[in-house]
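Got some structures for you, see below.
Consider the two complexes below, in which chain A is the common component and chain B and chain C are the respective partners.
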Partner chain A sequence: MKAKEYKPLPDQAAPISTIGVIAWLRNNLFSSPFNIAVTIVIVAVLMAIVPGMLDWLIFSANWSGTTQADCVKDGACWVFISAWSQQIFYGSYPDGEIWRVNLSLMLLAGVIALSFILPARLRNKVSVPAYLFLPFVCLLILDGSHIGLRQVTTDLWGGFSLNILIAAASIIIAFPFGFLWALGRQSDMPFARSVSVTCIEFFRGTPILALFFMGSVMLPLFFPADVSVDKLLRVWIILILFMSAYMAEVFRSGFAAIPKGQYEAADSLGLGYWQKTLLIIFPQVIKVSMPNILATFVMVFKNTVFLLVIAVPEMLQVIMAALSNSNWLGGHAIEGYLFVGFIFWICCFSMSLLATSIEKKLDTSHKH
Partner chain B sequence: MSTDQQAIQSTNDKEIIVIKDMNKWYGNFHVLKDINLTVKKGERIVVCGPSGSGKSTMIRCINRLEEFQRGSLTVNGVEMIDDVKNIEAIRKEVGMVFQHFNLFPHLSILDNLTLGPIWVQKRPKAEAEATAMKYLERVKIPDQALKFPGQLSGGQQQRVAIARSLCMSPEIMLFDEPTSALDPEMIKEVLDVMVELANEGMTMICVTHEMGFAKKVADRVIFMDGGEIVEQNTPHEFFDHPETDRLQLFLSQILQH
Partner chain C sequence: MFSKKTTEQIKFETRPSNLGAKSFYNNPKYRAWIYQSFLFIFLIGFFYSIISNTLDNMSAQGIKSGFSFLNTSAGFDVLMSLLPFQTTDSYLKVFTIGILNTILVSIIGIIFSTLLGFIFGIAYFSRNYLIKKIAIIYVEIFRNIPVILQVIFWYTVFNALPIARESLNLGDTIFLNVTGLYLPMLVGESGSGFVYTAIAVAIVSIFLVRRWATKRQEKTGEQFPILWISLGLLFGLPLLVLLVSGVPFHFDYPALKGFNFRGGITVIPELISLAIALSIYTGAFIAEAVRAGIQSVPSGQTEAARSLGLKESKIMSLIVVPQSMRVITPMLNSEYQSLVKNTTIATAIGYPELFTVFAGSVLNQVGQAVEIMFMTLVIYFCINMTISFVMNRFNKRSELTTR
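== the complex of A and B ==
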């Protein structure tokens, strides 16, 4: 018997009311009387604010020029930012040596990129040492005196590059420290445990501002008069300790998420303590802690603006100095602070995106 | 000559595990009471009993996942004392398979198997991988070598766990309820592997309620309750002529269905 021929029905266009812009508007903005009211109010508010804002920010803004006198229009005076841009990004770092700052930033970007590009087998062997050496390599490059370059003392370092580099240098060193403190906190050895708990609770329970003041004002009192520890070095150490305490707590919650069976399986294979910790527990802790680790990074990065209270010329400090410069007394505070906020937002938002991609990359659990 | 071959050839009356008057407390709770047990090389022992009877705790004491407070334990001539080197030496002789598999989720199946040989026994990577593939073939899943544990079924994961222990060429295998977390259809594939292992002369202590397995391979069946060994006998005597009323009750309850 000959089978009946099967002819698929042709596809038909969806009803116009369920797709496209109109359906989207209806579903999202006008789905109920309450939503209609909310939409109208929001649109009204936006219409009242946005045109003026855009006008001030862009259309009536002053874009070109070099001095305050060039800001003749009503809008924002972006000339203020462009005129000060070198200080904003590099502080007082000498003109001819700025390539060293750029090189350090590129090394940082390179090491981060490397850890994404490298295949899994090489990643741990290459990236971990690369990260750990990076702060010290940058230190050598920026200071210069040990590698035959002109010495640039740390009081000249500054601007946004300083925010980035000191945050990165603190995060990198704080990572192993935080892990050791977290291990110490759950250790059986009373000494290791009490030292870890004391450190974690002290640095977590003290505001970062207080720590900076302590580091810059109080610590030198305890040193002999002829010993001077560089201010930036003290700040770096404080940031490392502060960050380590937070990382330790992040890792602790990661440890708590690892099932007891993982430890037992590692034990029953005869792995030693460090093998078990580094090969079995640590990779899993990193994975479950990733969102919190990145949140802590963002926090420390933003906290670097507090360095201004002890007169370290980071970006916000530079802006404030520029605002009180006698050639720029025209009240450019809004432009300055908006710019700082915008730059930090761009960086933190990129870090969030990075975090999401790392989480996807690390996910081998195939949960259903 | 590999260690397993030696194990088969020298199957004699050597006492490989000797437990004497072992007592253990959790705080004030007395979990193990005067446990005395001697296991000869190549012997297959099944331990059963109601939950909370201390059977898992007892076998976990053998590779020091649990500490005991009184008594003594000797494994393959090494007495268990509170010393890291000593504990690690004993753990190298003893493989363990857990109820919940406990594979390492961040490592591929192959890496799960080669981790111990490479890091504990310091064997070259290529050799460790060859051994791993040999054991994966024995548990009949060589094609899963590059997958991650999360992608395998429970039965497959448990067979990987068995292979992982075997890669360390242990003298003794401990099984802690290896089939309790598995779907009925997967129990058989795991038991088949265990039966095969038993037939090859591996010394095994197995906590399980699979009475068919006990009848088929066990040299001795042990019944525990309340932290003590109530009765031990050959499977035939154990099931057909239980001596104590407690075991009679236990058997009548588990064999009714």
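== the complex of A and C ==
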């Protein structure tokens, strides 16, 4: 006799209220009376604000034209931005020489890309010198007088490219300094330690604006009378010192994250102090500190806007100068500030996303 | 005792002595001395050249040194001061006013940024999709835009407000226009001292009642409705005294006289813009800290609390938040300190805090950069050290409540 074949009943569909859009709405928007009320209020507020905002920003905004007279519609006057776009990105850098700024930016991008694509055995040998030479190469290209190009004095440098380049140049040079201060801070030599701690705490405890001010009013006094140091160079020095203090703290937490066994293994191999530090510890510190380094870079990048207080023509300063231009007295301040904010937001947000993804990749700990 | 030696010292001590490794320059102790004396000589030379250059430059430019300028009359007016100020007052008075204004905006900023930070940090864990998204959007937008741009933006928005005659009006008591925010001021008449005393008594008794209630709960397990009793004491007692003493208070309302408002409290637009920008910016960072703090509490804690039968609100207030404070407090500490440092951006809009009036206006007039920057920085260090001290005390307490 043939065994009766077991035939399960077909699966019943899940109740309509637990799947799909309805369930999502119920769980996420209308799960309790309080949530229902909150959802309704938020939606009402959004309905009241968003259409008007979008209309002003996009639909009735003025997109094309070259002068203020082209801004005829009610919305935002983006013509203001496009008319000033060259100054916003390059400052007063001479027209024919802008390729030099672009070249510097491309070199920066190239060096960063290089450090990701190079095979591991070449990475430290090539990337580290490439990074360290980069600021000086850019300096030569941008100034131009030492390499046979037309000299462009630093008061003409400006715009968003200046924000990027000075932030990058500072954090690159701050790397070795910060590393040295971090080593000093955890060293056994009492005097070296106290010097490092003093440096770190001083530059971390002082408002960056006060440091910029000191760079512009006090630093000239520190140099001999016959030496005059360029303003941008002084700002660079200040930013390097400021960043070094923050990088030292980043590295300190990096050192703390390296297991003690790594130091002991290096010792048992008979490596000396610098061999141990540079070959074993440093690469690991860089790896675990990467998210914090990025966060620090975001911070210095945002802080470059503070330079407007000492009249360095960075992006916001250019916008403010454009706002007081007699051809553009139509009150485009909101457009200008929104644009600067948007650019900075894009840059900083993408960097913080990158930092988070690196952090996730590194995080192998188990959640309890 | 072993751990106090460096690995280099241990290496040295355990090394066989016949290798000649005891030579002078291989001894880590002497090496440390040599390195440090190089550093010392370098620093001496560095500071010597800086100081001698500075003195030379200052004498060449005819800048005096010393602090005698502090007694000279300032000769300019300050936009806002918490103390009575005249243009003939000394630079020292300007200094004091700057400090007070810095402290004022710091306190306002700290209060509001903490509120915003905790609201949005906790909102991140809301079960409502919209609330959660709004919390994320708030943090990600305001954290990533330079604070100085934010303050200039708010100041521009403020300048777009209507003029005094058409000011925004809230029940004829609060007015907002391009020249500032006008609030009614509470003025005490004779007899108001009793009410102040009542408030003080209420606060002290709340502390005593809380202590007693905690002790009783530890002993007997009985709970005491501490929140309602505290609120009752805080509001009831002063209200009772107020009524008994015949309401010895009146409001001084701002009123439009001529071109502007008189009376009441005037909050200048610079202060408002700065406070808004700092609170929103720092609030975004604090929200992030609060989120990280709450996430740092292992989910086993919440599950254990649930299995004990605690209510969801009690789980938050008794289990999660006290443990997360251990992570949040150090971050709050550094956020508060950076808020105080960020008050210096006031110089972009002209709010007369320490940096703007002293390192700005006074420095412009006097030119004694070294003394003035020194005094300014000392104040910022002092304020930040106070914050750090208070927060560390607080952190000690929150550490005790954890395992």
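Observations on the structure shown:
In this section, the second predicted complex is superposed on the first by the 330 of 368 C-alpha atoms of A that agree within 3 Å, B and C clash if a C-alpha of one lies under 4 Å from a C-alpha of the other, contacts with A are read in each partner's own complex, and residues count from 1 in each chain.
What we mean here is this: a residue touches a chain if its C-beta (ideal position, glycine included) is under 8 Å from a C-beta of that chain, and two chains touch if they have at least 3 such contacts.
Worth saying up front: this structure is predicted, and the values here are computed from it rather than measured.
When the two complexes are overlaid on their common chain A, residue A:87 makes contact with neither chain B nor chain C.
Looking at the shared chain after the overlay, A:316 reaches chain C, while chain B stays out of its contact range.
Of the two partner chains placed around the shared chain by superposition, neither chain B nor chain C is touched by A:104. Once chain A of one complex is fitted onto chain A of the other, the partner contacts of A:62 are absent, as it touches neither chain B nor chain C. Between chain B and chain C, it is C that contacts the larger number of residues in chain A. Legend: residue contacts after superposition of the two complexes on their common chain; A:220 is shown touching chain C, with no touch to chain B. In the superposition on chain A, A:244 contacts neither chain B nor chain C.
By the touch criterion defined above, A:302 lies against chain C but remains apart from chain B after alignment on the C-alpha atoms of chain A. Legend: residue contacts after superposition of the two complexes on their common chain; A:31 is shown touching chain C, with no touch to chain B. Of the two partner chains placed by the overlay, neither chain B nor chain C lies in contact with A:170. Shared interface residues of chain A (contacting chain B in one complex, chain C in the other): 264, 267, 367. By the touch criterion given at the top, residues 63-65, 84, 88, 91-92, 94-96, 98, 100, 102-106, 115-116, 119-120, 148, 150-151, 164-165, 168 of chain B touch chain A in their complex. On chain C, the positions that touch chain A within their shared complex are 6-8, 11, 32, 35-36, 39-40, 43, 50, 53-54, 56-58, 60, 127-131, 134, 140-141, 143-150, 152-153, 156-157, 298-300, 337, 341-345, 347-348, 355, 359, 363, 369-370, 373, 376-377, 380-381, 384.
Contact residues of chain A toward chain C in the complex are 27-29, 31, 35, 38-39, 42-43, 188-192, 195, 205-210, 213-214, 217-218, 220-225, 263-264, 267, 273, 298, 302-303, 305-306, 308-309, 316, 333-334, 337, 340-341, 344-345, 348-349, 352, 367-368. Interface residues of chain A facing chain B in the complex, by the touch rule stated above, are 259, 261-262, 264-272, 275, 279-280, 283-284, 287, 364-367.
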